[in-house]
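Have a look at the structure below, then the notes.
The first chain written gets the first letter, and so on, giving A, B, C, D, E, F, G and H; residue counts start at 1 in each chain.
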Amino acid sequence: MSDFSLDWGREPRTGVAEAVLCEPKSPAQIAAILGAAAENGARLLLTRLALEQHDALPSALRERLDFDPLSRTAILGGLPPGRPVEGALIVAAGTADLGPAREAARTLAFHGCAAPLIADVGVAGLWRLNEQLGRLREARVLIVAAGMEGALFSVVAGLVAAPVIALPTSVGYGVAAGGAVALHAALASCAAGVMAVNIDNGFGAATAAIKIIEAARR
Amino acid sequence: MSDFSLDWGREPRTGVAEAVLCEPKSPAQIAAILGAAAENGARLLLTRLALEQHDALPSALRERLDFDPLSRTAILGGLPPGRPVEGALIVAAGTADLGPAREAARTLAFHGCAAPLIADVGVAGLWRLNEQLGRLREARVLIVAAGMEGALFSVVAGLVAAPVIALPTSVGYGVAAGGAVALHAALASCAAGVMAVNIDNGFGAATAAIKIIEAARR
Amino acid sequence: MSDFSLDWGREPRTGVAEAVLCEPKSPAQIAAILGAAAENGARLLLTRLALEQHDALPSALRERLDFDPLSRTAILGGLPPGRPVEGALIVAAGTADLGPAREAARTLAFHGCAAPLIADVGVAGLWRLNEQLGRLREARVLIVAAGMEGALFSVVAGLVAAPVIALPTSVGYGVAAGGAVALHAALASCAAGVMAVNIDNGFGAATAAIKIIEAARR
Amino acid sequence: MSDFSLDWGREPRTGVAEAVLCEPKSPAQIAAILGAAAENGARLLLTRLALEQHDALPSALRERLDFDPLSRTAILGGLPPGRPVEGALIVAAGTADLGPAREAARTLAFHGCAAPLIADVGVAGLWRLNEQLGRLREARVLIVAAGMEGALFSVVAGLVAAPVIALPTSVGYGVAAGGAVALHAALASCAAGVMAVNIDNGFGAATAAIKIIEAARR
Amino acid sequence: MSDFSLDWGREPRTGVAEAVLCEPKSPAQIAAILGAAAENGARLLLTRLALEQHDALPSALRERLDFDPLSRTAILGGLPPGRPVEGALIVAAGTADLGPAREAARTLAFHGCAAPLIADVGVAGLWRLNEQLGRLREARVLIVAAGMEGALFSVVAGLVAAPVIALPTSVGYGVAAGGAVALHAALASCAAGVMAVNIDNGFGAATAAIKIIEAARR
Amino acid sequence: MSDFSLDWGREPRTGVAEAVLCEPKSPAQIAAILGAAAENGARLLLTRLALEQHDALPSALRERLDFDPLSRTAILGGLPPGRPVEGALIVAAGTADLGPAREAARTLAFHGCAAPLIADVGVAGLWRLNEQLGRLREARVLIVAAGMEGALFSVVAGLVAAPVIALPTSVGYGVAAGGAVALHAALASCAAGVMAVNIDNGFGAATAAIKIIEAARR
Amino acid sequence: MSDFSLDWGREPRTGVAEAVLCEPKSPAQIAAILGAAAENGARLLLTRLALEQHDALPSALRERLDFDPLSRTAILGGLPPGRPVEGALIVAAGTADLGPAREAARTLAFHGCAAPLIADVGVAGLWRLNEQLGRLREARVLIVAAGMEGALFSVVAGLVAAPVIALPTSVGYGVAAGGAVALHAALASCAAGVMAVNIDNGFGAATAAIKIIEAARR
Amino acid sequence: MSDFSLDWGREPRTGVAEAVLCEPKSPAQIAAILGAAAENGARLLLTRLALEQHDALPSALRERLDFDPLSRTAILGGLPPGRPVEGALIVAAGTADLGPAREAARTLAFHGCAAPLIADVGVAGLWRLNEQLGRLREARVLIVAAGMEGALFSVVAGLVAAPVIALPTSVGYGVAAGGAVALHAALASCAAGVMAVNIDNGFGAATAAIKIIEAARR
């Protein structure tokens, strides 16, 4: 009997497809899952796939993957056809937050959604944020990626009417190491309507955004 | 000079009105804010207003408030006119979670939204949840209130396509005291698309839901 | 004088044999213990034996070991003769939980007990669990291995009459890193009769299951 | 629509009846649940019912309850008829641990099981434990209640063959305040076969013991 | 022999006078210290003096105190003569932060320094802060009091050249209860030159500000 | 569009220049930022630049950097011309604290300030500190770097009139691992006027000191 | 059968008598223990006996107790006859630390040992400590009681040859609330030979000191 | 000016010599300190010297060191002449605790004290401890090294009259990772007279034992 059982019915049921969290899996386990998907002709999203794990996969599988080392994501089977759905916008406080921000962008793309990414708008230089205010206010849902003290979540949420998904990142050291300060800042925000996902969980932020956009289209 | 400055422009800018978090304020401070709002003929929502705080307010102000002790909310100026906007649904794991769940319901009502509340559908008896599956799948956005181990967030999110706002409650003792286990369960959920607000933050869950519903109406 | 002293009388006294926790020991220390056991003709179970530690053992000892890298366990002296005792069942939420789940299965086998292992039945897809409900209800004791938010412990315990031993795993990231969320979910479960062992402690889950099965046979 | 929904089918499905955790509930909520049960002629177990909560119940309901302030438990409808099932034994490290230990004993009695309670056998005076060794070794399952450093869990588990359910208590101060040290000592025990329930969760320890005894009777 | 020994030489040595932290002291201990100071004709600052402690002091001592319940401070012997030194400015995020903010203002006054207090300029409504930008930029040192997510520290520090002393407050609930999130936000700030004092430590913020102003006057 | 946007206007606005926190960035990201600065003829400070990151930069960029491995800082474009501003003094408890202490010294130098560094004056040998008392009392602002139990912050602050910036370091093991004990000791100091920056944040300590010195010069 | 079992043989076996930790016990439980001791003509030490608990004891028992509210200790049966053994010295950082310091002094007296108590010698005014240096250096063992940042432990241990028992107290607020910072400072001390007991555990500090003095007399 | 300043007067002042904590130092820093000591003809103890650090020292220095990789200690200048002082005994729960236990033994030897080491007497097999009871009761001071749940501290302290220094080790995983559970078990011990040092701090345990033995010889 096989050790895994992919939930192919998840997308019709919940609106988002099952993805494979690779970090705690061995290359052999990942290869087995990929092989089964490839045989089925299925599309598949892999997250938290380290460069070393990717390089340890059989080359025949590697060649079929679209792999992005910065976000540690890989896509099997390409993007869906047709014009992507718009409405989501991703904001990253600094260049160091781009890994999780791109995990979100790639997850959105995998599900047929487009999301521009605005980077380096941290609160220590508010004028950079102000310059982007027009684009921020046009979005239907925002994903804001920030580490350290996470002040950007509150500042953005105080400026726009759209729901804000806070994506805390593990960028920081000392008390901020691991991202808990940014996460707690999102949860304790004095601005209304901020929702948080787990630290560095770009996939979760994106799937939540997709559900919000889909809710608007029903 | 006055010690407070209400942000009357917040609703047009962010879609939700400013509310008054009463817990850390003295009755005198609350009375001053209420008095200023009443003079302006403004509507106002008060959250985390303890029974003792409420009873210490001047009776002339108390009489103008619609106070609900279970949710510790009070509304000045009544609900908005017109038929409420539908689409939100609130699910509470147990009767002990009703305080935050009702804070969410009352916040939604204050902003002109209706949200039915389904209670006592914890995962230890899945059949109770199954009986409500139809109603769950009709909602455009769900608020799920649960304390203790917070398993309900993942189970519901695995069954519906709508976005799920997890509202962890401080119900529990031992390791679960204060609600951190439920909060972490929401953040670490194996189901996609779960977003969390702070522990017992029914106001935050509701304002996020309002923004999601509004995003769908734009 | 020797630096270690194995407790050969432990099995008659407590029903389970002493095992060697290898992680904090040097290869030289492990080799000395193995050598003493081999001289005595004794059977021995080694847990948390990393591949690097295993490979640093003298080859004469290595050849006598049945080593399983996924569960990091090794057995000296083979399994006990005779037909294994039945009654235990192991359930793993995902493929990433298989390491601790197999540590439990191998510990049970070392003590003469058989335990089937059902994998990939996480709560985000309840139908997979429902398909296995018959087998779950036949077991005399269940070991449930899960990481992340650990919702599976409560869901399984709400469906069966047998005692449930929760085996939280360190699978997860962000707030779930290290397994504390899954552990706390087991302890705070709203379902009655869930007991927890330490994170990733498949050995402890298995020895507890053995004691429960033995209690039933007295 | 009612705010609660008791799971009357839980006992046949899981072997233990639903109980009412009273701590987070208002007296009005508790009274409503009790009233519904009394109308049904049902037996019901209430846990974590504070003296103040009990005294605030309507006297007609109070008179029908068997209330024990030390364990904060109350029983509606009396104990089940017939001779209680034997096999469980409860050990408490000190008199201060008697509250949770009695919650366990009363829960066992509610389900028709008898469990003697041995108190004041902490490890600082091992001779007291040695005097009880015969009784300890006769039990089919042991519940050990201890706070502070929780050394008793490991010492008992090293002496007996039966499974040990560790019931950590919140007895202690400084680093031990709240019971986390005792809980962690149970989870990190160097003795095999120790399982833990939540801090002060005598109900959970008892229902686990009932399931273990029932597993032995099938 | 006496149980206390005030350090009268502290002010010449360190620039700030010793103050009496009243919270952990009994009224009798506070009265003894006050009595000794009054006999010496000394001025004295008392911090964290709860209303109950104040009311339990002998009335002869109470009458000589200038007591402020909101900040829980009392001053014996009045303010120093002469025109106060200027340069410090205090900013409070919300009315709930006024207790610690006033503790700082009163400590500054006790040492002969004046500090205006600007309240209710939280980041959820940035325009309120912008209106005060001129005054903020004139100060030689700023004390910023904020609880919840503490985003105000970073926003202010990004706008001014003066050193910013972050005074985190215990205002908040859930993950923000006790003030740790605001403290960590100050320490992890992405803006340069933010320094933090302990949670609710208005006295410490003020004495640091005094030392900074004095450093400028040497 | 570029992924980063340096804030060249920060120095006139806040008194300190933007620095590049390298730890969470890839060598490619660092090289891009350095290249843009070099093209502009700008000076730039890099912090937390690991030796491995430095060695992975293109050699043409490396040659233009003044890199100090102990403090993990690098300076592009040299120090500012003119005689450095005096007034700051840095004190380090032990040789192990020299990394963060030198990060502070180099940051001060980058901004045109000189700061002597006194090392190895921990409180276990108070005579070493006493020997330096004269120099300590001459400084306008002190940065004190200490790990382990951080007692030096309180001892120094009790001896001098100047403001003390506590720079806790991650030196320590067991309970002190990571620097939290030293940080908390700074925040809980019984001596008035101690301010803390994040663990190992020599850059933050230095920029705060610069702002204090500048405040004195206005 | 009785619910408690005092260990009368503990003093000959371990050098210190059993004491009764009263905090987690009901007045009825305390009275039962006291009654049994009084019947035996035994001496008994009670610790952490709150004023409310004391006042709820039967007056006949209360009259036989020597009760000290500040240290929350009571002694039944008086002090032992004969001249007390000398050698221990107790140092308290501030008046707020006198509760635990006196618990230690009273425990020493109960066991026939004398220990002078020096108060208010915190490190923010080192000259007060220097004045007492002669007495400190004469002691055979020192108990140092301090809360907040606990710097006194390291400073004293750097000045004397005798062993130092650190008695951290719960005096403090913010990060220091509960005493963990002082405890960690003792454990992480840069001075050799500091040993710690639990927060506020004056009894433990005293019994350790007694054992050290007795070790010197054997 | 040199970056370090050894405290050669520490031994006469405090009874124990200064040691060099190597972990946070670079090989160059360690070599400089060793070189200075060697020039002075001084003896020196190095602790937490990793194999890699040792191997990176100049061979001329390495040859003069007595290095023990298991305890990560090195001694320059040999042991002191004369017959070692007796009275201390070291007990280790398991072979995995031998690193810190040997650090203690080597520190004692460096200071001219002998201490036998008894290993593998964990509480899961109490008979092994009982066999050593005579030797335990002869010691003047005991160092007990244990990780995991640390039950051995309480059990030993309940059996002997000598003071017990608990040396918690970082042996363990899951909740016990890093040694905090063992440390807390020592601090919360129900047995009187247990004192704790930091996790893995064999040096601190030994210097405390030396001070206790010296106190007995004065």
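Worth a mention:
Here is the rule we go by: a residue touches a chain if its C-beta (ideal position, glycine included) is under 8 Å from a C-beta of that chain, and two chains touch if they have at least 3 such contacts.
No experiment lies behind these values; they were computed from the predicted model shown.
Note that among the pairs A-C, B-C or C-D, A-C reproduces the E-G interface, with over half of its contact pairs the same by residue number. Averaged Cα coordinates give chain B a centre that lies 34 Å from the centre of chain D. Chain G and chain H have Cα centroids separated by 27 Å. With each centre defined as the average position of its C-alpha atoms, the distance from chain D to chain H rounds to 43 Å. The multi-chain contact residues of chain E, meaning those touching 2 or more other chains, are 94, 124-125, 157-159, 172, 174-176, 180, 183, 187-188, 191-192, 198, 201. Of all possible chain pairs, the ones that touch are A-B, A-C, A-E, A-F, B-C, B-D, B-E, C-D, C-H, D-G, D-H, E-F, E-G, F-G, F-H, G-H.
Residue ranges of chain C in contact with chain A, taken from their complex: 70, 94-96, 98, 119-121, 124-125, 127-128, 147, 171, 173-177. Note for the complex: chain E touches chain A at residues 93-94, 122-126, 148-151, 153-155, 157-159, 172, 174-176, 180-181, 184-192. Partner chain G is touched in their complex by these residues of chain E: 3-5, 7, 9-10, 18, 21, 23-26, 29, 33, 48, 170, 178-180, 183, 198-201.
The residues of chain C lying in touch with chain D in their complex are 13-16, 19, 87, 140-141, 157-163, 165, 183, 187-188, 191-199, 201, 203-204, 207-208, 210-218.
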